[in-house]
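By letter and in written order, the chains are A, B and C; residue numbering begins at 1 in each of them.
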Amino acid sequence: MTDISIRLGELVDRFGGQLIGNPDIQVVGIAPLSDASARHITFLSNSKFRSQAESTQAAALILSEKDHALVGEAYQGARLLTANPYVYFAKAAQYFNSLRARPDRLGIHPSAWVSPLAQVAENVSIGPHASIDDECVIAEGAVIGAGVAIARGVHIGAGSRLYANVSVYEDCIIGARCVIHSGAVIGADGFGFANEKGKWIKIPQTGRVLIGDDVEIGANTSIDRGALADTVIENGVILDNQIQIGHNCHIGENTAMAGCVGVAGSAKIGKNCSFGGAAMILGHLTIADNVHISSGSMVSRSILEAGQYTGFYPLAKNADWEKTAAIVRNLSSMRDKIRYLEKNMKAQGLLSGEDDQ
Amino acid sequence: MTDISIRLGELVDRFGGQLIGNPDIQVVGIAPLSDASARHITFLSNSKFRSQAESTQAAALILSEKDHALVGEAYQGARLLTANPYVYFAKAAQYFNSLRARPDRLGIHPSAWVSPLAQVAENVSIGPHASIDDECVIAEGAVIGAGVAIARGVHIGAGSRLYANVSVYEDCIIGARCVIHSGAVIGADGFGFANEKGKWIKIPQTGRVLIGDDVEIGANTSIDRGALADTVIENGVILDNQIQIGHNCHIGENTAMAGCVGVAGSAKIGKNCSFGGAAMILGHLTIADNVHISSGSMVSRSILEAGQYTGFYPLAKNADWEKTAAIVRNLSSMRDKIRYLEKNMKAQGLLSGEDDQ
Amino acid sequence: MTDISIRLGELVDRFGGQLIGNPDIQVVGIAPLSDASARHITFLSNSKFRSQAESTQAAALILSEKDHALVGEAYQGARLLTANPYVYFAKAAQYFNSLRARPDRLGIHPSAWVSPLAQVAENVSIGPHASIDDECVIAEGAVIGAGVAIARGVHIGAGSRLYANVSVYEDCIIGARCVIHSGAVIGADGFGFANEKGKWIKIPQTGRVLIGDDVEIGANTSIDRGALADTVIENGVILDNQIQIGHNCHIGENTAMAGCVGVAGSAKIGKNCSFGGAAMILGHLTIADNVHISSGSMVSRSILEAGQYTGFYPLAKNADWEKTAAIVRNLSSMRDKIRYLEKNMKAQGLLSGEDDQ
C-alpha cells in the first residue's frame, strides 16, 4: 500500500458532513472501530457498537447526530457528523481506494483477440487472452479482464468492468458502470424444452439479456437470455455470487440478491426488493416492489404486498430435529386427535366459554 | 435479423399437422399470442390462454384439435392443427432459428492451441484461445468456443457445441449433439477424502465422466469424475445452470434438472425424472424412473415409487413464520399436551365414539 | 492405463500395516469389493459390507483387526491389517495414481502470458493461455492450468495446482499443496453496499483472501475477498463444488464443506466442522469447533456447542406434503384449540394427574 494521507477537511469538501475537530488532521485510511489506529478514520453505523466507539483509537469518527450526543467524552478524536454514517464510509472508502488501487493497464493486450469488425473505444483496457467478436461495441473506459469471452454483437457500456473469465453470449447489452465478476455467464440459453414422447426438443432461446447501468453481478452468477422476449435487469440491481436468473425474468431497479439465490424463468420482480442468501423464486411469479425475502426461503407463490417474508425449517440439534420431523410428517393425525377430543367434550356438554381461536 | 419468411405450406411439409387456411401465407417468425403481429405465427399450448388466442393478431395459430373446436370465430387467421402444439412450436422455432443464426466460423482460430497429438475433424469450429490437449478427439461439426480448455484424452462427439470458457478434464467422453454452456466444468475431482486423525487424505478420483448423446448442460454446472468407476449421464438428459453432480452418479435417459439442483455422490437416478430448482439429493440414494421432485425439496431417502414428491417449508409473512417456527420447535410438547388431555378424559370415562385417526 | 503392478510387500514398506499372506503377490490397482479381480487389492472400510468381502475375487484385502476376526475363511486372499482401512486405501490409491498419471508438461506454454514483473520458479507448469500478472510469485512445482487468470500480486505456494479457467484476484495468497478446480474464483469483491435513498453505494473490498496449505477448493466455488480485513481459509480445509464463501469469513483447520454450501459474510467457523450439501450459514455467526451441520439445513444462529444439527423440511409424497403444509401454516390455531380444550377441562375439574410435558 502506498502511503497516502487525506485531510479531514478534504473529506468534508468532497462528501459533506459537519466536522467537529481540526480539519488539518490527516488520516491514511478507514478501519473498523476495533482495529483503527491513531492514523485512521472509523465509523459508527450501528448504535449497538457505541461502547466500541468510546474506546476506539481512531483519529476521527464518522457518526450520526444522535450517536454524537450519546458517545461520551471518553472518545476525544475528531467527529464527522452525517445523516448516514455507513453511506459516508462507503464514499470515503471509495475515495481512498481510488488513490491506492493500481491503475488499469490501458490498451489492448497483445495476446487478446479483437475482431476487426468490433468497435472499441480508445481508452479501454483489454486483458490477456480476452476475445471480442464481430459487431461488438466496447465503450470508453471499459475494462475487459483476462480470458473474457465476448460473443458477436454484444455492447459493453462506458466504464463497465468485466473481471477475468466472464462469458457474454451474442447480442447481450450491458449498460454503463457495471461490474461483472469472474466466472459470470451472461446470456446462456434459458432452460426451454418441449417434451415429445419422453424426449426433450430444444426451444431456441432467441431473446437477449439487457442489463442497465450501475449493475453489479457476482462471481459465477448466470443470467439466461430470453426465449422469445428478453431477460431484463434494470439499473442499480446488485447480484451476489452463485446466483441463477432464468430466462425472461425482469428484475426491477435497485433490487438486491445475496449469494446462491435462484430465480426460475419469467419471474417479474419489483424494485427495491431484497433476497437473502439461497432464497429461491419459482417461475412465472410476480413479486411487488419492496418485498424482502429471508435467506433460505422458497417463494412458491406471487407476493403482491410489500413486507418481509420467510419460509425455512428451524434448525435444531439433530436428535430434536428427528423427533420433530417425525411429528411434522404426522401432523394430520395430531389434528385428527384434537378434533376427536373436542367432539367428545362437546358431546358431553363440557365445552363452554369462547373458543379463542 | 435478416428478413426471412416461410410459407405455411413449407412448415406443414417439414413438420406435419393439418392446415386450415392458405398454404401460401408467409410468416417471418414465431411470437407469443400477445405479441404476435400479422406477419407472425403463434401457438396455443395451454387451453387457459384460449381467450388470448381469439384476439391474437397472428397470421397463423398452431393449436390442438380440441382447442380448435373451442377457439371461436373471432380468430380469423390460418390454423395449424397438431397433437402437441408446444412440440410443433419448438421444431418450427428451431427451423426459423437455423435460417437466422449467424453461421459458425469454421476452422481453428489462429489464437487457439491444438496439440499436434489431437485428432480434429475437418469441419469443426475452434474459437479464440481455446486449447485442445494431446490425445483428444474432436469429431466433425463440433463447435468449441473461446477459451474452452480441453485436457488430455477427451472425446467430443459429432455436432456437439461447447460455449466459451467450458473446462473438460482428462479422459472425459462427451457424445454427439450435446450443448455445454459457458463456465460448465466436466470431470473435476469428486469430493473424496479419508480422515486420519482430523486431517483429510485425498482419494484420487480416477474415474471419468461419460456423457451420452443429445445432452444439454447449463452454465456454471459441474459434473465430477468418478472415484474408481465413472460418473454417467445418459442420452437426452437436460441439466440447467448452477447444478452440481457428485462423483459416481448415474443419471438416466431424458431426466431433467432445473437450476441450482445438487446431487451428492453415487446417487442412482432413473429415466424421465424431473427435479425442480434447488432440489437436493443426498448421496448413495436410488431414485426410480418417473419420479418428480418439487423445487426446493431435500431428498434424504431413496424413492422407489414413481410420483411427485415435495418437502419445503411453506412461505409466510415473517411475523407469522416466527410464531409458527416457534411452535414447530416445540411440537413434541404440543403432542404431549394432547396425550395428557386424552389420558385425563379417558380416566374419567369421557371418551366414547370412534377415534377417527 | 499403463501396466504397472506393485508387490504387497512394497505397500507394507510404504504405508505400514500387518500383512497376512505372501508379500510377493502383485496387484495392478485398487478396486471396490464387488468389482475387484484377482489382480486387484480391495478394502473393507465399513463392516456392513463384510459379506461382500467374503466373496470378493481380490488378491488382497485391506481391513481392520476387528473385521479380520469376523471375515470368514471363504475369503482366501492375502489380508492387510490396519487401524483405518479407508485411510490406507487413500494412501495406496494415491501411490498407484502417482505411477499412472500423465506427467505435467513442465515449463511455460508458448501461448501463456507471464508478466516480466512476476517471479516464477523454474520447475513449474503453466498451461496454454494462462496469464500471470505483475508482482505475482509462483513457487516451485506449481501447476497452472489452461486459461487460468492470476491478477497482480498473487502468491501461489509450492506444489499447488490450479486447474483450467480458475480466476484469482489481486493480492490473494494461496499456500502450498493446494488444489483449486476449474471455474473457482478466489478474491472477487464481497457483497458490500450502503443504501442511500434506495440506491446502492459500493463499499470497496480492500481485504484479500488468505488460503493456507493443503486446501482443496472445488469447481465453480467462489471465495470473496474481505471488505477491510481478510477472508481466511486455514490449513487443510476442503471445499466441494459450487460453494459460496462471503467476505471476511474465517474457516478453521480441516473443516469440510460439501457441494452447494453457502456461507454469508463474516461467519467465523471453527476447526474440524463439517457441512452437508446445500447447508446455508447466515452472516456474522460463530460456529464452534466440531460442529456438524446436516445437508440442506439453514443455520440462522450461532452454534457454540459441538454436535450434529439439522433443519430441513421432511420430504413426502406431494399430496401428503400439501395437507401437512396447510397444517403447518395454521399451527397457531391448532395450539389455540388445545389451550381451549385444556381451559375447559380445567374449569370443570377434569384434569388430574401429572402434566407430562
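We adopt the following convention: a residue touches a chain if its C-beta (ideal position, glycine included) is under 8 Å from a C-beta of that chain, and two chains touch if they have at least 3 such contacts.
As the structure is a computational prediction, the values presented were derived from the model and not from experiment.
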(message) Do subunit B and subunit C, two copies of one chain sequence, contact each other through the same residue numbers, with over half in common, or through different ones?
(response) different
(request) To the nearest 5 degrees, please report the angle of the rotation taking subunit A's Cα atoms onto subunit C. (result) 120
(message) I'd like the Å distance between the centres of subunit B and subunit C, where a centre is the mean of that chain's Cα atoms.
(response) 26
(message) Touching at least two other chains at once: which residues of subunit C meet that condition?
(response) 111, 129, 147, 165, 183, 220, 242, 260, 278, 312-314, 316, 328, 334, 338, 341, 345, 350
(message) With touch defined as at the start, can you tell me which subunit A residues reach subunit C in the complex?
(response) 30-32, 35, 84, 86-87, 89-91, 93-94, 96-97, 100, 102, 109, 111, 127-129, 145-147, 163-165, 179, 181-183, 214, 216, 218-220, 236, 238, 240-242, 253-254, 256, 258-260, 271-272, 276-278, 295-296, 312-319, 321-322, 325, 328-329, 331-332, 334-335, 338, 341-342, 345, 350-353, 355-357
(message) List the residues on subunit C that touch subunit A in their complex, please.
(response) 111, 113, 129, 131, 133, 147, 149, 151-152, 165, 167, 169-170, 183, 185, 188-189, 191, 193-196, 198-204, 206, 220-222, 224, 228-229, 242, 244, 246, 260, 262, 264, 278, 280, 282, 294, 297-301, 307-314, 316, 320, 323-324, 327-328, 333-334, 336-341, 343-345, 347-348, 350
